[in-house]
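In the two assemblies presented below, chain A is common to both, partnered first by chain B and then by chain C.
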Partner chain A sequence: MEDGGWLLRFPELSRDALRAIKKSFDFGYRQFSRTYGEAIENVFEPLLQFLIWFEDFFTETPWMLIILGIATLAWLASRSWKLVIGIVVSFMLIGVFGMWEHTMQTMAMIVVCTILALIIGLPIGILMSRYDRAQSAIMPILDVMQTMPSFVYLIPVVMLLGIGRVPGLIAVIIYAVPPMIRLTNLGIRLVDKEVLEAADAFGASYWQRLTGVQIPLAMPNIMAGVNQTIMMALAMVVIASMIGVRGLGQPVLKAVTNQYFAVGLFNGLAIVALAIVFDRITQAYGRRLQEHTELR
Partner chain B sequence: MMFNTGFWKGPLAAGAIAVITGLTATSAAADCGKVTIADMNWASAELAAYVDKFILINGYGCDAELVPGDTMPTVTSMSEKAEPDVAPEIWMNSVRQVINASVKEGRLAVAGNILTDGGVEGLWIPRYVLDAHPELTTVQAVLKRPDLFPASENKSRGAVHNCPSGWNCQLITDNLFRAYDMKKAGFDLIDTGSSAGLNGSIAKAYERKEGWLGYYWSPTAILGKYDMVKLDLGVDHDPKEWDRCTGQADCFDPVPNGFAKGIVTTITSASFAKNSPEAFAYLSNRSWKNVVVNEMLSFMADEQSGGEIGAEEFFKRHPEVWTKWVPDAVAAKIKAAL
Partner chain C sequence: MTDNDDVLISVRNLCKIFGAKPQAMVPLVARGVSKDELLADHGHVLGLCDINLDVRRGTVFVIMGLSGSGKSTLIRHFNRIINPTTGSVEVAGKNILEFDATALRNFRRHDISMVFQRFGLLPHRTVIDNVSFGVTIQGVSEEKARERAMSWIERVGLSGFENYFPSQLSGGMQQRVGLARALATDAEILLMDEAFSSLDPLIRADMQDMLLSLQAELKKTIVFITHDLDEALKIGDDIAILRDGRMIQQGDAQQIVLNPIDDYVSSFVKDINRGRVVRVSTIMEAVSTNANGFTITADTLLEQALGELCDSEYDSACVVDADGKAVGAVNMQGVVDVITRRDCDEAAE
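Right after this comes the complex of A and B.
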């Protein structure tokens, strides 16, 4: 480049240098997946069996039992007849429009995802609330997980684990677990100092204080985290189906590529219905917890 | 030069062109003039677009430029607004009727087939599997060995990787799966979701030298990079049966059928064909074999580069291909520009 050119054009790395960087990066990843791919796949094997078991459970249980189960759950969580009736009607509609199996597959995915998010998110959230240093280290990681376009990590995950449920689940969890962690952290941090002092005055150990005071008082926030996790997991359903996860995402994807407007709309609405059902149940439960603890 | 960037060059060049065309309006039409080339969003078409751009600029003195495109929008825009001028790679299967109608109305012109071999679809297995089991050349032979192609989620059954969700080939593969009774043979049809998922499953199998069986097509970077063999379906393509059942979504009694060779052509607007006969003649001559395209696509994928670098490399590696497309004088000009 002639004199002064760098003033107008950003002095970027040369094409060869850039290519070398990209290639060595890819090569490194390929080596990694070649060496450890199978071992990592074996690690996730129990998770796969768990997922398959859940999916079989949801798809093979008679539909009436499923609806009954969800309705009972809704009643226990909310004690609201309106909600229960709304849920029964929306599941009936899903069934009538022939989307039962896909909906159950998606539900199995969401339930497993939520369980895993709880298992992963709670301890990390607690850790972050205890140590400020952990909080400042983990926060940026959560930001990356929530904003990094999912396609960027979808393909490496496929290279490592192939297509199917487990890689899909991992992609969904990367996106859906941050709110769980954030709100657990926040909930525990928001517990009144006076209450903690009282617990200390009674000579509570750290573990007693955590399980007997902090977590119960943070429960409404943790439930909000669960709620957000479920919503975000549902938002990822279509993306996950791009790497072969079964469920409502498949027909949506098919509709998108073929401009089948009605198919897309029906299945999209089924996802919305699932979201509303999960949202109302978890929120109502969170609210009832708040009433118990009189924290409203 | 200080101001040698697009932003500053554009207005100056436009002014210069306006002056020149104003002076020589008649001869400009006889020359090539401004040509827009559709740069489709898949790799083989991108490569073709850059090759055309280079040859039209350096060989025919056109002012060629690429515009982004996709099959349907580009064909519609070409036929309605004569813009862009050239679509280097159109897979006719999906848009045959639209194009034939527009050609009849004199809005579009078909320059010729860009792929000598045509687009090739089929069921493929990796070469190393064939080497280890030389009898696996036909679908029937493969169907006897589900154990060589285990599904990742259920190792007791074989996997047939389907074409991405919603693509036309998905329903065809689905029909063939039933036609060959693959379920009974111990295979499951695996949904790959997207082309990224399908590619990923091949890449993964290849890195670990695992069995893989599924739908794929050529020319593609994947087939350039990974040596795969197409299985013999045991029957020839039967267009009647294809229209009745194999290609239909709600076909209840599919029977074995072969894939048709995909016709892949270059389309131009009618005005371009009329105004730039020499450039049009080049586009009619320009066709390459899938082996060459696969090789270049795989080069692009390895280098993680786009069509521009791919085209440069193609001119260097395969003069025996491109020099046949153009008259000697033009070939000399292109060589000088390399």
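Right after this comes the complex of A and C.
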């Protein structure tokens, strides 16, 4: 480079150096996935079985029982006939328009994702609420998880595990678990200091305090976390279908590539209907939890 | 009041300094650096300084001070929700600062309980589950705990409300729940942190009466925090006055009212109705002859003594102790002088 050129052009690394860095990075990761890919795949085998079990359960159970089950759940959570009727009607429409099976596959994915988000998110959120250091270490990771474009972390997941349901599920969870963690942490931190002091003054152990005071009082926030997790998982349905997750995402993807407007619209509306159903049920439950917990 | 003078809680040379390096500040405080200087020059807050006090078993010890005086900090040292920077806290002869986590938990479960200013109730639990909270933490079975809780709910007058949630009750009722919860653990020591301060005056008086009648029967050792001198005089066997983290006067109600140690205490005491605090025995002249046959017992309050004198045909009376033995004499003028503070005015002139 001639003298003074770096003033006008950013002094970037030479092409060769850049290529070498990228190459060694890619090579290293490929090496890693070749060596450990199979082992890691085996680790995730139970997850696949878990997902398949739920898929079978939702697709093989007679549709009437499924609707009855969801309607009962909605009633228990909200005690509102309006919500129950709305839910029954939307599932009827989904069935009439021939999207029942895909919808059930997506439901299975959402349920599994929510359960896993709870299993992963609750302990991490509790850890963050207990130690400020854990909070300041984990917060930026959550920020990255939520802002990194999902296609970017799909690449290493697919390199490692190939195309399939498990890599799709992992991508969905990476995207959907942060609100669960955040709101668990927040909920526990917002618990009234005097109530905690009372628990301490009566000699509650850490576990008694956590299960008897902190988690019950954080419940409305934790339910909001569950709600957010479900919404974000639904938002990932189409992207996840690109790497093999079955469900409503597949026909949408097909509609995009083939310009089938109607197919895209119907399936998109089915996703919206699912979102509204889950949202209303979890929110109503969260509200009912809060009924007595608000002190004057 | 009891005649049993043995000390249950004993605090010695207790200091609490808040800040980054409290230990480094100890020598400064010992040299007499003031609270303001410590904050301005060293960035540390002096919470409590050189506190010494003894709480007698079965009595009510009131710590009185305005906000910022350190009284809430002090009461939290008794169950080590706050640990002191230096000094010792002994309960029943054991230094509780040496307790490890398990011993401390057991101490809090069985020996000491607490009532909070803003109640500190569990909003998601019903009254009965709140009252049984401390009992279940002790490891008592759910069923037995509820049984015990139920009897305390009756004692504090909340029968019929056991399945209500705290948010459905008034402030006074919520604090009854708080009191029942503290009593249900059967702990000998009861800490009450401004327990009645957030209640309306009428309800506060009710709660004070209830506490006194429970105390007459239960004989707990109570440490009570308040910013209200009337409350302190009403329920305290011993009273300590705290200002800016230092204990400025300690004594029973009569000593505080009749001999305030400085202007600060005097300013509190000046509006107090002495007739309801001072007893005949304190102002009587020590003569043992019975002049006219009219007697008043030694522990009669001045207000009542004045009434008795007015109703009688005499203007003086012989003071007798509980056994009827003559121990002194008072006259109407003397009683009126003390109640109307003429004795202070004369001293001032």
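One rule holds in what follows: the second predicted complex is superposed on the first by the 293 of 296 C-alpha atoms of A that agree within 3 Å, B and C clash if a C-alpha of one lies under 4 Å from a C-alpha of the other, contacts with A are read in each partner's own complex, and residues count from 1 in each chain.
The rule we apply is simple: contacts are C-beta pairs under 8 Å (C-beta built on N, C-alpha and C of every residue); 3 or more make two chains touch, one makes a residue touch a chain.
Values in this document were obtained by computation on a predicted structure and should not be read as measured data.
Visitor: Please determine, from the superposition on chain A, whether chain B and chain C clash or fit.
Guide: When both complexes are placed onto chain A, chain B and chain C end up side by side without any clash.
Visitor: Looking at the overlay, does A:Leu274 come into contact with chain B only (first), chain C only (second), both, or neither?
Guide: Once the two structures are laid over each other on A, A:Leu274 reaches no partner at all.
Visitor: Now for A:Leu210: first (chain B), second (chain C), both, or neither, which partner does it touch?
Guide: Once the two structures are laid over each other on A, A:Leu210 reaches no partner at all.
Visitor: For A:Ser241 in the superposed arrangement: first (chain B), second (chain C), both or neither?
Guide: First partner only.
Visitor: Let me test your reading of the model: by the given contact rule, A:Asn258 touches which partner, first (chain B), second (chain C), both or neither?
Guide: First partner only.
Visitor: For A:Phe202 in the superposed arrangement: first (chain B), second (chain C), both or neither?
Guide: second
Visitor: With both complexes overlaid on chain A, does A:Ile70 touch chain B (first), chain C (second), both or neither?
Guide: Neither chain B nor chain C is touched by A:Ile70.
Visitor: In the three-chain superposition, say which chain, chain B or chain C, touches more residues of chain A.
Guide: Between chain B and chain C, the winner on chain A residue contacts is B.
Visitor: Which partner chains sit in contact with A:Glu194 here, chain B, chain C, both or neither? Use first/second/both/neither.
Guide: A:Glu194 sits against chain C, while chain B stays out of touch.
Visitor: Report, in whole Å, the shortest distance between any C-alpha atom of chain B and any C-alpha atom of chain C after the two complexes are superposed.
Guide: It comes out at 46 Å between the closest C-alpha atoms.
Visitor: Do chain B and chain C land on any of the same chain A residues, and which?
Guide: Touching chain B in the first complex and chain C in the second, no residue of chain A appears in both lists.
Visitor: Would you pull the chain B residues touching chain A in the complex into a rising list?
Guide: 1-5, 152-153, 164-167, 170, 190-194, 196-198, 200-201, 203-205, 207-208, 302-305, 309
Visitor: Could you please specify the touching residues of chain A with respect to chain B in the complex?
Guide: Residue positions touching the partner: 2, 4-5, 7-9, 15, 19, 22-23, 26, 30, 33-34, 37-38, 41, 48, 52, 151, 154-155, 158-165, 241-246, 250, 253-258.
Visitor: Which residues, counting only chain C, touch chain A once they are in their complex?
Guide: Spelled out, the residues of chain C in touch with chain A are 79, 81, 104-110, 112-114, 116-124, 133-134, 137-138, 165-168, 181, 185, 191.
Visitor: For the complex, which residues does chain A have touching chain C?
Guide: The touching residues are 192, 194-195, 197-198, 200-205, 208, 212-213, 216-217, 219, 292-296.
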